[in-house]
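In the two assemblies presented below, chain A is common to both, partnered first by chain B and then by chain C.
And now, the complex of A and B:
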């Protein structure tokens, strides 16, 4: 129990610290690396909660794909990040005041007891006990049965996104030499190779017909 | 292994058919190329007609499918029919424009088909997740359609603006949904309704949490129907998007989003009527006022139609504010008539060409009565109808919503509605004056094309003769509204 608590605090502190570093570090590449660290530590938090599937998805999808994509964008596009961040200190007072007011309001609401937050006990899809059904299996069980309709519909949304990307960006380039495999296979040596009988000392001349 | 209780796939047959048809047409387009655009457009319209028949012949009583994620009832049948008519007619109307303006790419009809699938899913949504996914499928297709002329700066601008603001509203929607789920423990509409009726599980705090969620959902849906104060995107998107796409925006998605709004407010949040009624009242009055006042200064006909559509949404919301079956009946009748009128008006706008170039200025219509009397007459009919002048159809739309508002004791709302329609009449009638009493500008091209003439004649006849035989619409709307009040 005590070990679990220690691990939780280690991961939690690392997550928050990495999150802060993402925002404040000057070098955008460092920002992305800290983002990856934040993802890894939140995955650790998920494992602690017994949600191993979410942890794996977080690492595979966010670290494996999204963060690496970010890294590519940061390194390949010449974006001046310090210029983007130029107004930071200028807007800090106003933003800070708004944030403090919001915080005060939230504290007021909860302190006054108007919003006595006790969450409902019934949930749409209760999580089965982890020692009977594993997380992944439980998710798969409802994703492909009860929510099959939504699963398919989400597939349609992705298809539309793909069509959109092609419609809006794809341009057929002119003058591109493509490989035509059929033409290559159909070529016959007889049409393209000519054997010449070269007499010694004369050389060969080739004339196209 | 969890068994799916009550899959009932047949209830979603039109959606499944349309989605499959869209996928097949996409494949045909990919292999045949852009020269198949016209054929694909006609096939898409045919697929929508087939889906329309499937919607009509489906059993009328309420049925849920996919374990309660999906619902069909008389209301969904009526709204789906409207959406399918609107979408297929705009597809046909756009044929000439798409060919002339170099937009003839096969993705165009396919995207409209996918948007229609999304709209049908929205209308039949019975769960917060189903609502969100349907809405996203529709919106994503619309963003792409708005930017479809990617080489035109204004079209790209329209698409980008619509996308950024639409993503923001989706964020609001998700935030609201998560609040509602957090405080009710359910995403299913019936379960949410039960939780709201019992005051939320968490005693007094439940309703406050649910209420915050409800406000966020209302904001997102108000954005989708372009009601004030979430209307900022409408004029720019309407002006920038290619005209057939604008016509589509005005005809179909607005009706689907409105249907969704009705179902969400009258279904799971029925018990909170006193709370959301205030929101709807404000949104309705603000939309009517802005629609009437801001349209006066416009010089571009598409921008004018955008402000006009904002105003019309305000009038339709008057019926919802009443919160009674009569009010909902009024909303449904209003939407039906609005769809017919805007299809007609947009077929006129699509016919505005001078020497082969599309023109969009209102002043280009000057003297149209002398150069093309038939088109001028039908445009005048639509304008008078939108202004709400009897005995044209638009008058009856307003009549039924205002009657419902007065029955519900919302006298102030009805008075504001009548006042703003008088103000709004100014800019509609200004167009009529321009066409009939001003010196002709450069004449518009003739002929306007077979498909536009047919749509113009059909919608014109419905608008003029609605008063003679309104019974089918009235009975249909009555039954549809009744099915929302079990």
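And now, the complex of A and C:
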């Protein structure tokens, strides 16, 4: 029990500290790396709570895919670091207000009892104990039965967003020769290669069509 | 009371785990050395050369000599490099090659951590591999290294997707995320027969994940003079190399568990079943490691747009289609496990 508590505080402190470093570090690449550290330690917190499926998915999706793309973009940006710092105090009030609003909302949700585990809608789909059903199975059961339509709807929203992003950014440039693999494979050597027996001193001529 | 419990409950298990870890890591380091020697011998044989044959009998001590050489060389850190990240990158690469082994079942009960989500853990570890390369490329502050890193990031993210779908079909067939149960599910029939197309996709994607020929664009020595490794020397370079080899062995091991029946013998008949499972596992893994070497000695490098085309326009639709076919067939014929 003691060890678990110690491990929890280590992960919690690292998560919060990394979160702060994301905001305050001068170099955006360092920010992204601290963000990855924060994801990692939150995955550790999930494991401590017995939610190993969520922990692994957090790492696969956020660290393995999302953060790679962040890093990819941030590394390619040519950023003037001092310019980036310049507006810090100008944006501080706005950022502060947003933070305060989010905090107030969180307090409201938890103080009003909306997250109470004894609510009827929560009791109707209780989390089975971990030693009976693995939490992968428990999540699958509730996601694909009770919330199947919402799950499908979320998938559709993502699909629309993806298609939208492709449509908005896709350009077909003119004057670029494209490689068509099918055409290349379909080419017959007999049509394009001709073997000639060239006599010495005569040379060869090839009639192009 | 509390004092003695503390030793028995915490320190003893800790020492045991450290012992287990050493028992896994030391043989892996040894096999990395052996694989590096075997590769050079195999390529040499394919090109009608002799390969390493000076140090020790048949050149067997060549990896040791190489290790000593790299250890004695100077570590050069470029003046424009980001020191911390520059040194962190090879460490990340190397440790990612090792931590995946924590969940690999060498035999029925011979596994360090028999976790419920073993296959997801392996997927997570293999998806992290890109960080070592990206960080190395960026921290080197060199154009060649950076180009290599960018290529690698795009490549690994692309092939990750099809590996994910391959894993989904295996999960459908096995009905569990636990690696031991996946192996048990193959008792009647190894999965590479019913899931043959996915096995092929996995092997090719594994080549891309480990940046091996024909997908070694991140290091492409003919155009990028070594890509992300260009600024590395001595031990920091060796860590990259050992990480790469450990990763190759790991991905071969994963393929064995997912498709070739892990520690199971080919047939459940008497002389074969009395052979310990770890022998079968290592034998099958060696065959796949040989496959990696074989391809490197055989194929030319892909062009970058061909690589992207293969990943997104061929493998992604094909694996997605096969997921639907597998799920549909299993539902239709009632083959679903449990």
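By definition in this document, the second predicted complex is superposed on the first by the 150 of 209 C-alpha atoms of A that agree within 3 Å, B and C clash if a C-alpha of one lies under 4 Å from a C-alpha of the other, contacts with A are read in each partner's own complex, and residues count from 1 in each chain.
Note that in this section contacts are C-beta pairs under 8 Å (C-beta built on N, C-alpha and C of every residue); 3 or more make two chains touch, one makes a residue touch a chain.
None of the values given here were measured: they were computed from a predicted structure.
Colleague: Go through the superposed model and pick first if A:72 touches only chain B, second if only chain C, both, or neither.
Modeller: second
Colleague: Between chain B (first) and chain C (second), which, if any, makes contact with A:63: first, second, both or neither?
Modeller: A:63 contacts chain C only, not chain B.
Colleague: Contact-wise, after the overlay, does A:141 reach chain B, chain C, both or neither (first, second, both, neither)?
Modeller: Once the two structures are laid over each other on A, A:141 reaches chain B alone.
Colleague: More residues of chain A in touch with chain C or with chain B?
Modeller: Chain A has more residues touched by B than by the other partner.
Colleague: Once the shared chain is lined up, is A:198 touching chain B (first), chain C (second), both, or neither of them?
Modeller: In the superposition, A:198 touches no partner, neither chain B nor chain C.
Colleague: With the two structures laid over each other on chain A, which partner does A:100 touch: chain B (first), chain C (second), both, or neither?
Modeller: Touch status of A:100: no partner.
Colleague: According to the stated criteria, A:154 is in contact with first (chain B), second (chain C), both, or neither; which is it?
Modeller: So A:154 only meets chain B here.
Colleague: List the residues on chain B that touch chain A in their complex, please.
Modeller: Chain B residues touching chain A: 1-4, 12, 19, 23, 26, 65-67, 69-70, 105, 107, 110-111, 114, 117-118, 121, 129-130, 133-134, 136-137, 140-141, 143-144, 147-148, 150, 159, 181-188, 191, 195, 200-206, 208-209.
Colleague: Applying the document's contact rule, which stretches of chain A touch chain B when the two form their complex?
Modeller: 114-124, 141-142, 145-150, 153-154, 156-157, 159-161, 163-164, 166-168
Colleague: Touching chain C in the complex: which residues of chain A?
Modeller: Answer in residue numbers: 3, 29, 33, 36, 52-53, 56-57, 59-60, 63-65, 68-69, 71-72, 75-76, 134-136, 179, 181.
Colleague: Mind listing the chain C positions that touch chain A in their complex?
Modeller: 10, 85, 115-117, 120-121, 123-124, 127-128, 130-131, 134-135, 138, 146, 149-150, 153-154, 156-157, 160, 177, 305, 309
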